[in-house]
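Both complexes shown next keep chain A, but they swap its partner, so chain B is in the first and chain C is in the second.
Showing the complex of A and B:
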């Protein structure tokens, strides 16, 4: 086969081959046999959260209006260390029993702060819902995709899109402020997912 | 105290049923035990609390070497007729190198509580702080490296939301044991800051922009059942041990913690945060007045804050064992100073707690023992007033084990009124509990050397030729707590159990 023809044939087939490979991988990922997963410390997770939401670390969460959640109030619970006063120079061996609750608490505070600032404008994350209507599928889809991109640094797959968009239906009978609750709730879903908390 | 468990054991013994099997591996028996619990408070005498500066103080008149052994002038000792205990009442214008006077009156507390005080002697195996601390709760790894706290939590805490809480972090007393067979619920949970920790026990309340609880529940459900299972990360690593553990914590433990409204029950407001709590719609614990009466300085003294939370954790059956104690921090009460820097009795905790004895043994031991006695006195008052629900009090089921790293050197420079000491293997333990004999000294002390000697583990009779091993005291205390030690290989020490 002449070299130029071979090159042209490969060029034509390559996208198809790549797509086929990707599709196979997405549909049936191989479960890790090692399972070597580590928890992010609260400070690392908080940095990622702040970066994703466009907030400074000290804006994420304050208990009682003055105690920083990540560096003080929940520092050890979130897997941090504090050798100077407490003498804790290693993260806890196992997750603290209240850690998932503390994580939800910090994320709720941070997501609510992002929503509040977006309301005041200019919107960074929740604009499609604030500018339009939370009942709009497309508005929710745009926000959902932005959340995954900003907090997990990747694109959402179709099932993840659906899970976030459909949260609206689950909240409808419960909420008195659907735009806010869906926005903050979807943000909490992504921010407290195991993918955001572990590496 | 005789329990239903004793009855079941008696039946099992009589019929031969269950021979060789431990209650710890029987789910139903564990559930039954949680209805009939014992409570363990490990009170850490961190830094090295010396028993001969506590209730086994030696009178100078008893010793052949009163000037060179750690003895006290007879006039400084207070004892009680028929009791083996005596304590030194001390005061000084200096706390070693610190220009602050102190005066202590331990007889106030020991006099009131001696009927539930048992002292047992022992000889330790390490004078390293961290190792000594650890061995004081594992009996030098006597039972597969399980800690006393883990065993109590294992047997009595299967239904408790957070059975084993450590309020004093970073010390060997709060380390996990080494036996992987201990169930995860029985492992210690570290609480670094008792004042704000209750806020981590509810996902929404007390937040200015929190979600409604029903909304948060729906959000969590969507995350756990829809979003995460769809993610490639979860599909790849969902069975990793850390993710399985995380998933478990999101289940029953989270439901129990939030369902019990612990954010309210365990919240004792300080003068500083009371307004903030109200503004955020949070109520103080219904037991606030109770604990404030016992621990009026909890806003400035971390040990009192720990003790208050320890009581609440037991009162509301959140935990069955709590570990607490003075930290190594210097704690100073500005309010007691009345404008004068380092006024008398303004130092609540000397630097390094008992390990301040390296600089000033007598002052360090006197101030920290007194601090521990006072806090224990408050805990006993609170627990005694708390009805368990069956006509007994919480105190009837509780043991306060005062665990020390090790003892201190027995000698002093001739005639010195204060001096520095090194660490010593020889010492004794204090236990406050209705479960142990009470007003009883097991073992004794040689007034000429300051060294303690042991006792017969069966009868409790003093034995000057014997030293008690860490495993023996560990086993005796577990026996008093009615922990099932079947197949443990531990020595039998019934002398530590109240008959």
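Showing the complex of A and C:
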């Protein structure tokens, strides 16, 4: 793995962990009487990711630049089936141990690709940070809200605004490219949230 | 002749008694679910018929914690195993004795769990508060059916993507949200995600078809090309979409091909004789059963190749048909309806032995109508074709008695003269309606109906054969209106 990519991965994953640590401070939602939650298949989650990030399916993630992560490389791990050769005709009953890794892999790749394209312009998502200054609270707030609107199809609430915007402070002592690492990291946080993965 | 139809629960009585005879303690008692519901007629678990075996068992005959408590309370001191009469006579009293216990240790008594429709044997299954409060402004109405939530699910389930923020806001502004919801469903039922090649309906056939690329013929053939399951997938998806009568999956006498056109899957129905099909598509894919003997997917080349193979009395084929289209897995003692004087054991496989007869008294008469359809080979018939004299070819392997295997059989307690009638009886049965609705329920909700959902599930099953005219599309329009689907 190129050092640049490794740095980017670490930079992106760190805020995910940090946000998870903050999760207990957010008010618990009302408990559902039904309590029925299903995982999106990799195909559906990938379609949501592509829709939110403005990317075609193939552009989200490829292994070795040749194999589609969702439809091929991590197909079963991400809840898909392969009945004709492997005989797996139903999604696995329980998520594979490697499922979180695959999810992070796809989300990181897709978010980094969006950032790369926005850098080349015209920007679709990260414009406020790229055009202005990632140190600007308002620039980060605009991107944070756009991420929630595009990836979760709803408005962000105040807790979410704060959690995403404040990732900047956590990354500041660690990152050598704060605009990139905050943008990709915030994107991965939203794209791999429970709400994005389940319904 | 029509044999008296027993209930599913009573039908498996002999199987349970056979188990009882070989077990050392009180085990599965098939009439017990019905008795349970006589004692608790208003329990949600009894809304759609006898209670599920899982009420007292982990997997019959093994008891769960609640079942163990009942077993302890049931005629203590009486010699085991109990006779069915003793069991039935003592069950109501035993149920009453354990009502106040908390078998699963979740701080809710067994009786409270039964009344609430939760499991008295599962600490993770407890009654939810009946009074609902939803003070948080988090976008969902957690106290009942929420059209906005149902809309999001429809988009994900049927269109394969979440609605965008704009689409959600437009939906929220609708004056008639339920009508808009059904418009969205109509649009999504035409999506590739739902009805296309490799889509959700197509994939629903995976377990029914059991494809194996290694023996596929046609497009993208395997190393040993014997039959093409693409015909089966296309036919299945065609019967389940476009408002068609889903019974065609068992009773249809035509075939369907799927092809891509402009990014969309197009299904084309066709009807050819075996000779015409072989001439047009090739010997390695041609459907070989003449029209009068066709029974939907049961007589497709792939089905006969894959399940009958070289077998004289094709029990595996019948068991797969029973499992895939009627929802009864005989290997799990489901759908047992023993036929008197069966199994005869025409092919000298030893199935008349008492332990085997528990299942084979149902399975063998279920199988006979399949016996005139050739698999890969072995009989005196062309591969994958219908041939009345087929059994003669198995005498040297299975014994002379195999020639006497009748073509008529018994399905769901009803005598059928051949496989075409078998398919008609199956397609018109409640079992078929339940299996079909159950397939889509599990597909969309990720699990079988919960005890508290059995009444609306039963309504759906009834309507499927009535108001819906066996149209899956029509049934789905009602399914998305259920509380089970639309309540967050």
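One rule holds for everything that comes next: the second predicted complex is superposed on the first by the 169 of 199 C-alpha atoms of A that agree within 3 Å, B and C clash if a C-alpha of one lies under 4 Å from a C-alpha of the other, contacts with A are read in each partner's own complex, and residues count from 1 in each chain.
Basically, a residue touches a chain if its C-beta (ideal position, glycine included) is under 8 Å from a C-beta of that chain, and two chains touch if they have at least 3 such contacts.
In this text, all values refer to a predicted model and were calculated from it rather than measured experimentally.
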By the touch definition at the top of the document, which applies to A:149: first (chain B), second (chain C), both, or neither?
second
For A:38, decide between first (touching chain B), second (touching chain C), both and neither.
both
Given the touch rule stated above, what does A:183 touch, chain B (first), chain C (second), both, or neither?
neither
After superposition on the shared chain, which partner residues are touched by A:51: those of chain B (first), chain C (second), both, or neither?
second
Quick one: classify A:84 as touching chain B (first), chain C (second), both or neither.
second
Which partner reaches more residues of chain A (counting touched residues only), chain B or chain C:
B
Shared contact residues on chain A, chain B side and chain C side combined as an intersection?
29-32, 35-36, 38, 83, 85, 87, 89
Which bits of chain B are touching chain A when the two form their complex?
161-162, 169-171, 176, 184, 187, 189-190, 192-193, 196-197, 199-204, 206-212, 214-216, 218-223, 226-228, 230-243, 245-246, 249-250, 253-254, 257-258, 273, 276-277, 279-280, 328-329
Residue numbers of chain C touching chain A in their complex, please.
128-129, 132-136, 138-139, 142-143, 152-153, 156, 160-165, 167-168, 193, 203, 206-207, 209-214, 216, 229, 445-447, 484, 487-488
Tell me, which parts of chain A touch chain B in their complex?
26, 29-32, 35-39, 63-67, 72-77, 82-83, 85-89, 92-102, 104-105, 108-109, 112-113, 116, 157, 159-160, 162-164, 166-167, 170-171, 174-175, 181, 184-185, 188-190, 192-195, 197-198
Sites on chain A touched by chain C in the complex:
27, 29-36, 38, 40, 43-44, 47-48, 51, 81, 83-85, 87, 89-90, 149-150, 153-155, 199
